[in-house]
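Both complexes shown next keep chain A, but they swap its partner, so chain B is in the first and chain C is in the second.
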Partner chain A sequence: MEQQIGLWVGAFLTMGIISFLYKDNPWYKLTEAIFVGISAGYWFVALFWDNIVGKFWIGVFDRGDYYLLVGAVLGLLMLMRLAPKIGWISRWPLSFVVGAISGFYLLNYFSSNVMLQVQSTIMPLFSPQFNDPLFTSSAGNIISNLFIAGGTFTGLVYFFFSKEHKGAFGGAAKIGIWVIMITFGASFGYTVMSRMSLLIGRMYFIFGEWLNLIG
Partner chain B sequence: MRNSRVKVNGLFFVLISVFFYSGLSAEEPLIPNPEDTTKICIPRPPTNVLATDAVYDKGNVVNLNWVPSPDDNGDGKILQYQILRRLENDSVFALIDSVIAGTAFYKDETVESGQTYQYMVVAICDGGSGPSEPSPPVTPDMEWLNFALSNIFVIGLLICGSVIYFIGKAKSGRPLFIRKIAGLEAVDEAIGRATEMGRPILYVPGIQDMDDVQTIAGLTILGRVARVVADYDTKIKVPVSRSLVMTASRETLKAAYMAAGRPDAFNENMAQYITDEQFGYVAAVDGMIIRERPATTFFLGAFFAESLILAETGNSIGAIQIGGTANPAQLPFFVAACDFTLIGEELFAASAYLSGEPRQLGSLKGQDVGKALAMIAIVLGAITTTIGQAWNFEFISAIADLLNSLFRTN
Partner chain C sequence: MLKQILVYALILALSLIGYFVITEPIILGPTASMVIIILIALVLLYILVRTIMGSFVGRRTVFTFVAIAVILPFFMTVDQPIKVSPEVQQLYDAVMALRPGSKVLVSFDYDPPSAPELQPMAESFFALCIERDLKIIIMGLWPQGPQQADLAMQTILREEAFAGKSWKYGTDYVNLGFQSGNEFVIQRMGGEIGSMFHNDFYGTPYDSLPLVRNIKNFSNIDFSFNLSAGYPGSVEWVQVAVDRYGLKMGAGNTAVQAPQMYPYLRAGQLTGLLGGLNGAAEFEKVTGRKAKGTRFMVSQSFSHVVVIAFIIIGNAAFFLGEKRRKKPEGETS
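And then the complex of A and B:
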């Protein structure tokens, strides 16, 4: 019985969201309000139990990790904005979060997005095999390696902001944006196909689980 | 009939027994001779067991080396080596793992920093074992500096040094050239359009928290947009999906309205928290777009599966749309559905370009030095690697190796 109720509520809400394809309507508004309200409430409870109870309370009072008190103080400072006279104090924890996180991620981004990218692009243009004579490289191999090295180089030219895109530099930047757009095209097709599988999942729920029209 | 089958089966059993008994008695004695070592396996133990603390780790790895048993010569006599470990004060060694014969190295990644351990390696054969002497004690510890990554430090120092240099240059008042970014040229025009039409502006700073640099970039651009919005007295709405982003957005808006000399026009409800749930947030923002029909929408920050849903809804009401993210999988959707797109780093460059603020401009120029270095390394590296490998020029190969090691990350 409970399963049946859940099925009908799920179908009702799914149809409510899909009805937006026609136009904005009360059914969609109701579904939207339920979705937003329930999810906001759910996240409030989940974050409370996960962060305040699970990490802070148990961490400090059960495990004795007193350094977590620093986070608690910063969290309390955030609430200072409720008092207009001392509301400016709430900027401190915010500054701390932004500054600390920027610093923390600097090295990660630098090594993965810069160092590793450059190292992976330093490759032989004609042959990936050690001591393989130049002449034995296949055409596909040569094109592939040239495309990777050339595409990365021209892509970097496009993102170089200190020089106007004119002349040979502009030409390289144009090739760079073409490479980027070709990549986007491939990525677009790939992602659309993955979204189709989500749609098929919802359709299966409606026509299979709810209406029993497909086995 | 039944009796004859019993007789036949009995005869068969006797014949088989005689056959096997005669075979065994000829080849293998039933009671083994204690002096016959080929029958009782007692392997000679591994020697020189040495446990060392792994360098440049978090203090959670010990490397174990040993000289294999002399009986481990590939004939299959030694089946495996068992790795035993104990804390220095414990009396008993406990089995932690085993490795195949022929191995002389083991990496223990289950130790705790600051504890002292001893190891023993046991050679195992069929029916017997040969334990080594315990290794000298080892105390794994974390190193404060990882000198193996000093190349990252040097390149980082070079780029950061350039950033500091250009910030100083910008502060001294000397002009720094930044090329035009197409998407940003349209910002003022888009805000002006909303003002003329008397419709609001919708600004979405992504769906990630303040720990994402894209959100920070999105909020920086929000500051500039809000400043123009305050000047034009246009309405702006900033729906967010994270509580911290809501606080930061309100601060940004407030600062922009103050800077524009319009603190009275600032209202905290301009930035609203919706929900952390990705698609709940999307449902609400879609509803907002359809009902309030903003003339201009900005989607600048970290986006995921919701990017196309938001941009397509904005497109359906004919809003001028400026999208931007550094998430490569979502950029195609913004390119398809928005009028202007800030691709990847353009999002980060945008705030510097718009503000003209010396620190941001200097930072952008410093990053360009890094890009120039990367371009040189790619061209030089590809050429030297190709020539070095194709014609075996040692000197050229050495340059290629040097470039490779300069950009290694481990």
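And then the complex of A and C:
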């Protein structure tokens, strides 16, 4: 019985959201308000139990991890911005967060998104690895390597604004913009696929799980 | 207002008819399916011709066609050939290369809205792991991730194929639950997993779980699979667990996120990638377990054809509109 009630509520809310495609209406507004309210409540409760109780309270009072008090104090200082007169204090924990995260990200991004990506772009064009003999790579791989090397180069040329985009340089920039557009197109295609998948999931819920019309 | 109430009443009536009157599933045979496909194609062609002649359709027509393209394939008996791509094959091969008893860490970094894409991947991956007798350690950087993992595991364990398997919680698989802290959780896990997960999803202490009792950090994990719908997700796992700690990892992503992951795949930072519903269907094909991913792909393909058709129609409308605007006043018909 509880499951049936859940299905009916789910169907009611799903159709409420979809009804916006026709036009804005009270059913949609009600559903949207329920969604926003439940999301906010859920996140508040989840983070309260996970962070304040699970990490801080149990950590300090059960396990004796007193270093967590430093984080708690910084957290409290962050709330000082609610009082305009002493709001400046909140900049201290904020600077700590910005500094720590910058340091962490600098290393991660430089290693994963710069060094390793550059390395994988500078591949031998006609062989699988640097020490392999020439032309041992498959035709598909050679084309792929050429496309990546050419695409990266022309893409970079497009973003080089210190020289006017004219002549051979302009031609390379034009190829670069085509490569960028193809990338955006592929990304858009994937986005359409993703959004359609969500719609498919909801429609399957309505016609399959709720109405039981799918065999 | 009266019109709105009437529309609501109509939707309610249709829902009640669907729920109480139609008790048998609707199945359209191959002939009926083909007739419907041809009819839809003809109507789309008619819309294109109308557009070329200067009569444009409204956005609600587009919505209706997309809805038809998504819903109708559920009732049709149409099969779609699925070709397994190298990145999916790579993930499958990596799992198949693991010895029975190997420990696989699966992080569920998504919530119910992304379930249509990622849940089929999770189920297929669990099925393959159970079949191969791999030990599964579940966790999540998103609060609802471990619940999704639980659902996937229960679905698989209910399947007839695994009825004979005595798959036990604690020794064969564990669910460590959610941990807040995003990529810093991964960073700490690199040092000591137990420092981030004192208890599992059900409150059992980490050290009381036989499967993970002796697992200190990533060096004790043989393979990792990340299901991600955004931040924190596969990118963070690659940056910290793979590049810093050398964990071998495959990923399953929503289609929106997949293009972002391909550079990592090419650079060898990822061992296999499942991108969107397509990736889920391909993984089902390679594992030989046809499920929702394969089924949903027919709807996916139909809707893509409709979207492409409307892109063509939209472009026709745009360029014809441009042409008309460029014509001098006197020349317009």
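We adopt the following convention: the second predicted complex is superposed on the first by the 185 of 215 C-alpha atoms of A that agree within 3 Å, B and C clash if a C-alpha of one lies under 4 Å from a C-alpha of the other, contacts with A are read in each partner's own complex, and residues count from 1 in each chain.
The rule is simple: contacts are C-beta pairs under 8 Å (C-beta built on N, C-alpha and C of every residue); 3 or more make two chains touch, one makes a residue touch a chain.
What you see is a predicted model; the values in this text were computed from it and never measured.
Q: Scan A:H165 for contacts with chain B and chain C and give back first, second, both or neither.
A: first
Q: Touching A:V9 in the superposition: chain B (first), chain C (second), both, neither?
A: neither
Q: Now for A:F20: first (chain B), second (chain C), both, or neither, which partner does it touch?
A: In the superposed model, A:F20 contacts chain B only, not chain C.
Q: Tell me the contact category for A:M181 with respect to chain B and chain C: first, second, both or neither.
A: It touches chain B, and chain C stays clear.
Q: With both complexes overlaid on chain A, does A:V70 touch chain B (first), chain C (second), both or neither?
A: In the superposition, A:V70 contacts neither chain B nor chain C.
Q: For A:I52, using the defined touch cut-off, is the partner it touches chain B, chain C, both, or neither? Pick first, second, both or neither.
A: Neither partner.
Q: Looking at A:F207 after the superposition, I want to know if it touches chain B, chain C, both of them or none. Which is it: first, second, both, neither?
A: So A:F207 only meets chain C here.
Q: Which of the two partners, first being chain B and second being chain C, lies in contact with A:Q119: first, second, both, or neither?
A: Both chain B and chain C are touched by A:Q119.
Q: Pick one for A:M193: touches chain B only (first), chain C only (second), both, or neither.
A: second
Q: Common interface residues of chain A with chain B and chain C?
A: 42-43, 47, 109, 111-112, 116-117, 119, 183, 187, 191
Q: In the complex, go through chain C and note every residue touching chain A.
A: 4, 7-8, 11, 15, 18-19, 22-23, 25-27, 60, 63, 66-67, 70-71, 74-75, 113-117, 143, 178-180, 183-184, 187, 198, 238-240, 242-244, 254-256, 258-259, 263-264, 266-269, 275-278, 292, 296, 299-300, 303-304, 307
Q: Once bound in the complex, which stretches of chain B touch chain A?
A: Residues 152, 155-156, 177-179, 181, 210-211, 213, 216, 244, 247-248, 251, 273-277, 279-281, 283-284, 286-287, 290-291, 305, 308, 328-329, 331-333, 335-336, 343-346, 349, 353, 364-365, 368, 370-372, 374-375, 377-379, 381-383, 385-386, 389-392, 400, 403-404, 407-409.
Q: Across the complex, what residues on chain A touch chain C?
A: 11, 15, 21-22, 25-27, 42-43, 46-47, 50-51, 55, 58, 63, 104, 108-109, 111-113, 116-117, 119-120, 148, 183, 186-187, 190-194, 196-204, 207-208, 210-215
Q: In their shared complex, at which residues does chain A touch chain B?
A: It comes out as residues 17, 20, 23-24, 28-29, 31-32, 35-36, 38-40, 42-43, 47, 78, 81, 90-91, 94, 97-98, 101-102, 105, 107, 109-112, 114-119, 121-127, 129-134, 149, 152-153, 156-157, 159-165, 180-181, 183-185, 187-188, 191, 195.
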